[in-house]
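A short write-up of the structure that comes next.
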Amino acid sequence: MDRFIRTDLAVELKEDLDKEECLDGVSLSSYMEYGVVVSKIKVKNKAGAKLLGKPIGNYITLENKELLQADESIHEQFVQVLYNNLEEMIKDAKNILVVGLGNRDVTPDALGPYVVDNLFITRHLVQEKLIKDTKILSAISPGVMAQTGVETLYILKGICKEVKPDVIIAVDALAAREPSRLNTTIQLCDTGISPGSGVGNHRLSLNEETLGVKVIAIGVPTVISVTSIISEAMEAMVNELSTRKDKQYEMDFDEREKYDLVSRLTSPELATMFVTPKNIDESVKRISYTISEAINSFIEL
Amino acid sequence: MDRFIRTDLAVELKEDLDKEECLDGVSLSSYMEYGVVVSKIKVKNKAGAKLLGKPIGNYITLENKELLQADESIHEQFVQVLYNNLEEMIKDAKNILVVGLGNRDVTPDALGPYVVDNLFITRHLVQEKLIKDTKILSAISPGVMAQTGVETLYILKGICKEVKPDVIIAVDALAAREPSRLNTTIQLCDTGISPGSGVGNHRLSLNEETLGVKVIAIGVPTVISVTSIISEAMEAMVNELSTRKDKQYEMDFDEREKYDLVSRLTSPELATMFVTPKNIDESVKRISYTISEAINSFIEL
Amino acid sequence: MDRFIRTDLAVELKEDLDKEECLDGVSLSSYMEYGVVVSKIKVKNKAGAKLLGKPIGNYITLENKELLQADESIHEQFVQVLYNNLEEMIKDAKNILVVGLGNRDVTPDALGPYVVDNLFITRHLVQEKLIKDTKILSAISPGVMAQTGVETLYILKGICKEVKPDVIIAVDALAAREPSRLNTTIQLCDTGISPGSGVGNHRLSLNEETLGVKVIAIGVPTVISVTSIISEAMEAMVNELSTRKDKQYEMDFDEREKYDLVSRLTSPELATMFVTPKNIDESVKRISYTISEAINSFIEL
Amino acid sequence: MDRFIRTDLAVELKEDLDKEECLDGVSLSSYMEYGVVVSKIKVKNKAGAKLLGKPIGNYITLENKELLQADESIHEQFVQVLYNNLEEMIKDAKNILVVGLGNRDVTPDALGPYVVDNLFITRHLVQEKLIKDTKILSAISPGVMAQTGVETLYILKGICKEVKPDVIIAVDALAAREPSRLNTTIQLCDTGISPGSGVGNHRLSLNEETLGVKVIAIGVPTVISVTSIISEAMEAMVNELSTRKDKQYEMDFDEREKYDLVSRLTSPELATMFVTPKNIDESVKRISYTISEAINSFIEL
């Protein structure tokens, strides 16, 4: 059933695979760093990509429930861990373009623009010789199709032509399946991103192939799709019923049946809605600040 | 099962009752006015109150799917219909205090504060003799407990002591069960309100009994509770299964079992979340403007 | 003295010229339309451009003090007059790109982004064949140098390459000299714009020469520069003193002296500040909505 | 001339007095603490009050230009120094009510509401026995007259009746005369406050006399009045002229003449405007966060 539950987190997709099938295609390693749980998933080949439903590459997840708290210290730890992992991916890139994807007028989708709002931009200062010996940081929040009428990909192509970045860092809000992961998880990957996928409307992908420059994606799950909530509930109910002592059910739904059922249960209105915490506004602001700080750490003055 | 599905709309609670049981306790009449569907529910006595789960009084619902559109004309129609029904409840009250309930930092809960933001306040102008021959309009957005640490009721008691209003209009965001009703429905009632009930945390009620002045409540459903979504899904699934030709199930859940099941399926995190449309920001702003205009119509200059 | 007082309004620059010197270079005509004062300045040749300090072209000013009011009717009149004058400049252009210049986090500079927020974008709908027989509207709020590190001109070049607009409408906040003009005046011109000039930091110009497509600029004065305020005060004081009956002063400052004096009186901090009305937030929101409506009027559905 | 230049800062008013006249009425002491310049002005008696134009009491100013920077460390220093001085005034008060004065929709006036937004409110948690052994913190942002139609004083009287605070901390935006002081100075005093004075519209004062409880005021200058700018410019010009070698002027304006002149030079529109930095939005947000942290430091958990 999970196959069609919307999640953008590699770590959640991984949960659906049993160890055996992964062996040669997908590898997972986890450890603790500064109190943050770091999970590294490697999609090694086509087989792994097909299995996980994600392109070949590296997917790093940073998790700590405390991230929901206003506690400064945990945020400094995240900043450090995020910086370390970013540095590994960015390597010696000197010219960095940050792209804040999403719609700043829809709170759970505003992560990208908020991150850009807090960056310490240096490109113009370097060009005007006001500072030197630092990485060149530029940024843009292109907005979403409904606001611009233009594919994000094409807006970025033009900017890349001018800025000629060594690497792009694309920040976007994601969808998760597990409620406890909202605003407590940061996913980092080196395979690019599909703008707006976090809220369901796919756009042309942003990656090395389409933009001619490596695209690192930073994402935070801020919503759960209603489909996901309903599917989980049905799963649970099926299990519930089939384990009842008093009577025996054989709940042999196949994938297809399950899919049809959930689809029927999900009204058109519901399909356009999302599940989000009450304090989403505060959470997105705080975590966007954490991500900005990690990126700003590349600017030594 | 519906008994424990969270909805603040009398019209949705009414749907769960069969005609017979209503006969003497609850009456319903509907008609069209300026393209708006007006449903008037009257809770006539204690029996009706127990049946519907709402105090004795009048509950008016204005509905039109078009309210989701930016179309000016439909908003002018709503303003007119809302004004007409408000006038009937306000009668010849001259001194009106509007209370914008909810948390302006949580978009779906910001309806009340937004309405207050757009009011044409006259009380100070009348007192300073700058205008006359008009109704006296004052307003406050007291904020929620988590922001103030003080019960809204007690904040209002102090203000009432000073303002001595003839009537209070309390505006708040509500929860609905039916997705298509979000931001397309305005509920008006003359029985007061429980601040924050729309998002699940009950406060001391605001009504004639507690404040010594008639409290008219204007509410708009902006969210659906996750419990409601899950319950509806399970209902549907139960029906689905029991109608399957191939095998027969006897799904004889009683209320209690259903309640326990849904509770178990709803994780603590989920319980604090809500379901809301992507464009909630825009919808709440637009509808709050409609409500403000209706109230401002009482100010003849 | 006025030569160095910062104003972006052609109509204010014109006030400093005496009729004679204008004769062949600059022409002015005014009339009333729907209760809006329309002033049309035509810079006819190089001489006129030098005289007025504005490129050869047409500068149209729409003025009405009532624009400060929330009154709907006056806004509808402005929408109509603005639409009429825009149509004359746009002619039969079918593919329109709107650029919202300025910084949305600095209220008096947020006009451009606010206008874009309220546009009815059609480009993606037309491309997806969801609508047809309408003008193609796309838009972008590129942000300012301090936010992006990239010249607005270069961001737009890339977008133009993709969108291939027939005309660009660039919206920006301006600086005026006369307080009564703030948020009551809309300037329209067909000679392009210098982003951010309204708040003092010049950028590469946006015009047919730099972008290869006609650029129509819509601007609204939202601030007065402190230099302007001080200069005006000194002017007035000089007049005051020199007209005093009791004693005679010969205040023979030449331009240079005046310039030096004002410069000395203006501390570095002051130079980065601006003068703006208390209700700037509300005014900018309202007038941006008026401009959006005028542009949206080109979309017939 | 300075007598009628609008400033809310005791330290600026003090600058206009010569040492002698202060001797018995007003005392000033300054020192450095954690890199913050602390100036303590004591108005000792009626004579001093008349001289300074401020009630008898203590006025503490914390200054450091670095406060304009995003630099964390300087903010931590301010938090510490502000906390120390607050503690001295609050003494062993256990029940604290914070009042965020001003209009959150007018950026330079939003300091108070922003501070309240970031407080860690405990009153309801203590009442619900969720926490104990901590100070009781409650807060309200009552809004301004134009928004509520009710005097802030009367809104607070009602709340005090319920909350019975031992002390009130009122936070408000102020006006300064010296540009370099905007958003770099925090004024603390134990004599209460006049809401809105910072932007020119006086309200009934909030102090022990009117509220029956000690009122500590925290203010930050966020604007300069246009009158102040013009007066300063004229002052400078007068000096300029009278020191010119080439000719002699006797600029013997008396206070009255100066007042009339500035009044004439200040158009009605100008009188309602203010001078503020471009990045006011960011500055007010940052400094409000600093003040919130200092107040939150009273909550030991």
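General observations
Each chain carries a letter (A, B, C and D) given by its place in the written order, and its residues are counted from 1.
Here is the rule we use: contacts are C-beta pairs under 8 Å (C-beta built on N, C-alpha and C of every residue); 3 or more make two chains touch, one makes a residue touch a chain.
Being a predicted model, the structure only gives us computed values, none of them experimental.
Looking at chain B and chain C, the chains that touch each of them are A, D. Listed here as common contacts of chain A and chain B: no chain. When the contact pairs of A-B are matched by residue number against B-D, A-C or C-D, over half are shared only with C-D. Note on chain placement: the centre of chain A and the centre of chain D lie 44 Å apart, centres being C-alpha means.
Centroid to centroid, with C-alpha atoms defining each point, chain C and chain D lie 36 Å apart.
Between the CA-based centres of chain B and chain D the separation comes to 40 Å, rounded to the whole angstrom. Contacts with at least two other chains are made by residues 105 of chain D. The full set of touching chain pairs reads A-B, A-C, B-D, C-D.
Note for the complex: chain B touches chain A at residues 105-107, 109, 179-180, 182, 199, 224, 226, 229-230, 232-234, 236-237, 240, 247, 249-250, 261, 264-265, 267, 269-270, 272-282. In the complex of the two chains, the chain B residues touching chain D come out as 105, 116-117, 121-125, 136-143, 145-151, 154-155, 157-163.
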